[in-house]
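Input: a single structure, listed below in structure tokens.
Here the chain labels run A, B, C and D in written order, and each chain numbers its own residues starting at 1.
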Amino acid sequence: MDNKQLEEFVKSIDQDLEIRNGKQFTEVTLLPSQLYAIAKLLREKEEAQFDFLFNLTGVDYGQDLGVVYHLRSTVHGHSIVLKTRTSDRVNPNIDSVSDLWETANLHEREVYDLLGIKFTNHPDLRRLFLDSSWGFPLRKDYVDDINIVTK
Amino acid sequence: MRFDFIASYVSAFTGPWWKIFYDFSILTGAVDEWLKGSVSPFWTTVIEMVVVGVVFLLFYAVVGLFLVYAERKVCAFIQNRLGPNRIGPFGIFQTIADLVKLLFKEIIPIKNADSLLFNIAPYIVIIVNFMALAAIPYAKGLHAIDFNIGIFYILAVSSMSVVGVLLAGWSSNSKYSLIGAMRSGAQIVSYELSIGLALITIVILSGTMQLSEIVEAQRTGWFIFKGHIPAVIAFVIYVISSTAEINRGPFDMAEAESELTAGYHTEYSGIKFAFFYLAEYINMFIVASIAATMFLGGWMPFHIGNLEGFNMVMDFIPPFIWYIGKTFVIIWIIMLFKWTFPRLRIDQLLTLEWKYLLPINLVNVLIMAFLVLKGWHF
Amino acid sequence: MSNISEYFKDVFNGVLSLLKGMRVTAGYFFKPSAIVTQKYPENRKNLVMFERFKGEVVMPHNENNEHKCTGCGICEINCPNGTIEVIPKSIITEDGKKKRAIDKHIYRLGMCTFCALCVKTCPSNALAFSQKFEHAVFDRASLTKQLNKPGSQLMKGVE
Amino acid sequence: MEEKVEIIATDEKQEFIINMGPQHPSTHGVLRLVVSLQGEMVKSLQPHIGYIHRGIEKMCESITYPQIIHLTDRMDYLSAHQNNEAVCLLVEKALEVDISDRIKYIRTIMSELSRLQSHQLFWATFGMDLGGQTCYFYGLRDREMILDIFEETTGGRMLVSYNCPGGVMYDLHPDFQKKVKDYIKYFRKKLPEYDAILTGNVIFRERTTGIGTLSLQDAISFGITGPSARASGLSCDIRKHEPYSAYDRVKFNEVLFTEGDTCARYLARVEEMRESLNIIEQLIDNIPEGPYAVKMKPVIKLPEGDYFQRVETARGELGVYVISDGNKNPFRMKFRSPNFVNLGVLNHLAKGFKIADLIAISGSLDLIIPDIDR
């Protein structure tokens, strides 16, 4: 499917989704509550078959925390981007997709480690690089007077 | 002080002085005679034992150091490198410098290690080495003990070094060491069989277990030529399984540098580590000497049937040189094994022994017996 | 029967493959001309580094002790690690104008990652890489270097 | 500050937990594997990483795009050139800059050379992991010559920093073409030796065949890319699927195997060396004339939006994801590093095999630790 068809396909799943056709990928913005269900549909539907999660990025948008999923289908060769964001900075919760794509396991641990986003239903959510006394360094409000030198 | 030993000494040199290089029993016999004449038999034995002990100690150190150097040079040349080249010309004093370094190193006591066993282990390995070295005929008459069951003795003694390895691994309180030691146990127990059977093939051919007689029997031709096909097979099997027996690559499962860091001697430091390290090389020397003695005629020169002139030239080279030469050729082959092949896995190692070497060996022994029975050997 | 022939085929092929490997290694053993080791401190005299080798950043001076650095500070802006620090001063030129010039060009070798952005972006080509690669020192402070030589001046004609 | 080691709870007393790394001869860096064994059998393992985490993604948020390039060198240091290229291609794509054919050719040749040297180092270290130490020296001997070629043109050996947005830093050295051609001739002679020592060796075959088999489904689910995935039959070569630089102008085969075991992963890399030689041979004689760099603005600002660029490094797919807010610094920069993802499959592969196999499997995944940690 090309991007147009993808857009229509996603529309057919849920009318209200916010879809943006970027230069490269079709970008779908989801609420955290919708994410798992739609990711599962995209993974399993015959005509979509997004079986390859090639990137999972946690983003701090300043106000919100978000996660970006880059999906590709090794069968059909098309790609799609899912974006989700939550405004809860203290206790951000997003559903884990690690049972759909095994690779999400490590990716989500990394995002948890660096941004503090908790993935519910993750089998093994522990800090990955840093130990538990660290903050979440990729957040924009992270302060570290010793290690971060600003010119 | 009586000086008549000089007379007996001189009388030993009825021929030119270099004759002792062809028959050391002239020298040893003369010394023995003189000692017996000058002190009581008890003291004779004591003095002789001390002298032999000191000589072996020196021999051990020299051979060990030289082999370490040789290994480093050989592997360097194989790997397109120069190897040690800083200390002395061509780096020949490198291993001595290493030894000095190891002597000065701190011996680290390991927490929770079984200190008695931990300390004993390197000595067991070393003592076993000495015991094996004693029975090897180095040249005509240069022989510490000439047992009538020499081969049997060497087999029995050399398989004891696994005790040292097991103790080292067990007492170190390190998981890597333990795995290494356990591997080594399984390995040596099974390869002992192949070595034994390969040597039995030759014992059948020679009809004796006494090493000096085995060498003497090869005056007319080395056993590897005399026994042709079964002897060659036995030789190959012996070289392979002795490489495994001494824990060298590609069978260095017990050390397995890339898996177990250093295997059973991971926790050793300083001179105790040096003992293990030296023992590995001396072991290599021992198995190579046995191979040379059993298959390649020991110190016996290379003779071809009735070519008198050729045989004369070969006889001119002293037996000791022949022995050293043959031993080092085999050592070189063993080194080449190590620096060419990837390491086997422990189960493959046992597969190789039980599925390939052992059956072939058994059939080989039968063939050899048949050959000897029919008189088809040379 | 086929099992037995298979068995011996395995043995034969296995031994053959081992011998092939040993031929290569033994071949190198008897071929000392293939040795690639360089004896480093001995060959120091005729050791020539490639012309573009990024050893360390230097400021070439000509025979009159003149360099090309105008003190504009572009290298400092471009440096990703804060390796370079330009301390400018203002001088009064012959025709009586005030002008910005370099007082000290500080270069911290210990922080440099040799990305070549400073050399690349310098508008007056005042910086270059030297081929020196022996950087070990006993005192970390000596890794901080002043690139412009004492008493040096701006080259004529460089703006 | 002591981190608690979480150890997998177990009821059986047979468990034997061993710590491999951070200083262990075969983890090629500071990777720590907590392996629980039963006898010599691996029951499960947990990778512990982060020993050299430098926060490159955080650092990128405060520096400009040309400055980012030298940081990407230090992620996967064996694919430094491809990492550089990924950032440059991304910037060029975002700014819609057209680069000349010469730049494309240079980048492609350099990428393939660095793939070649990376696979040589893989061959070398893989041989050493399996216990054949001589492989290490033969591999490094041949790799050294490529590093010399790099040094002559780029001034760096491993960390080349050769790309810059809009082109490359310097033009090719006049001797470059001759040296590369000589090298191809030389290395084609050496490849049969590689095969004689390792590929054909019966011990090597026994050690690797059927060990750590990764099925196609698992490869997809675990997101494995690069030669490790192609050994399982997953066609994922970015050079074929989304050609960048001059890859659309050369003919080459995507190396695909179906076995998915350690041996196939090894063979895939050895075959890729041959393909790399083919690609370089096709390009080296026809490098077109032209500028080696396009003039870019002194301050590069990406327009607001998201950008994603993939390249095929020696170990798999490197994705660079940038969220730009229109400033000269990226708002968020994410590197999808192939090794990080490939590490995730190690536990799955090594389960039920022996320690020696674990070494072979982790060697065949060809993990580069700085790329895992970033």
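List of remarks:
Quick note on the criterion: a residue touches a chain if its C-beta (ideal position, glycine included) is under 8 Å from a C-beta of that chain, and two chains touch if they have at least 3 such contacts.
Since we're looking at a predicted model, the values are computed, not measured.
Shared contact partners of chain A and chain B, listed by label, are D.
Looking at which of C-D and B-C shares more C-beta pairs in contact, the answer is the pair C-D. Chain D has its Cα centroid 25 Å from the Cα centroid of chain A.
With centres set at the average Cα position, the gap from chain B to chain C is 51 Å.
The distance from the centre of chain A to the centre of chain C, with each centre set as the mean of the Cα atoms, comes to 41 Å. Contact with two or more other chains is made by residues 78-81, 339-341 of chain B.
For chain C, the set of residues that touch two or more other chains comprises 18, 21, 24-25, 36. Across the whole structure, chains are in contact as follows: A-D, B-C, B-D, C-D.
Those residues of chain A whose C-beta lies close enough to touch chain D in the complex are 22-25, 27, 51-55, 57, 59-60, 68, 70, 74, 77, 81, 101-103, 105-107, 110, 114, 126, 128-133, 137-138, 150.
The residues of chain C lying in touch with chain B in their complex are 11, 18, 21-22, 24-26, 28-29, 32, 34-37, 39. Those residues of chain B that touch chain D in the shared complex are 75, 78-81, 175-176, 179, 249-250, 252, 256-261, 339-348. Against chain C, the residues of chain D that register as touching in their complex are 63, 66-67, 69-71, 74, 134, 141, 144, 148, 151-156, 159, 161, 164, 169-170, 173, 193, 196-198, 200-203, 205, 298. If you check the complex, the residues on chain B that touch chain C are 74, 77-82, 85, 336-337, 339-341, 356, 360.
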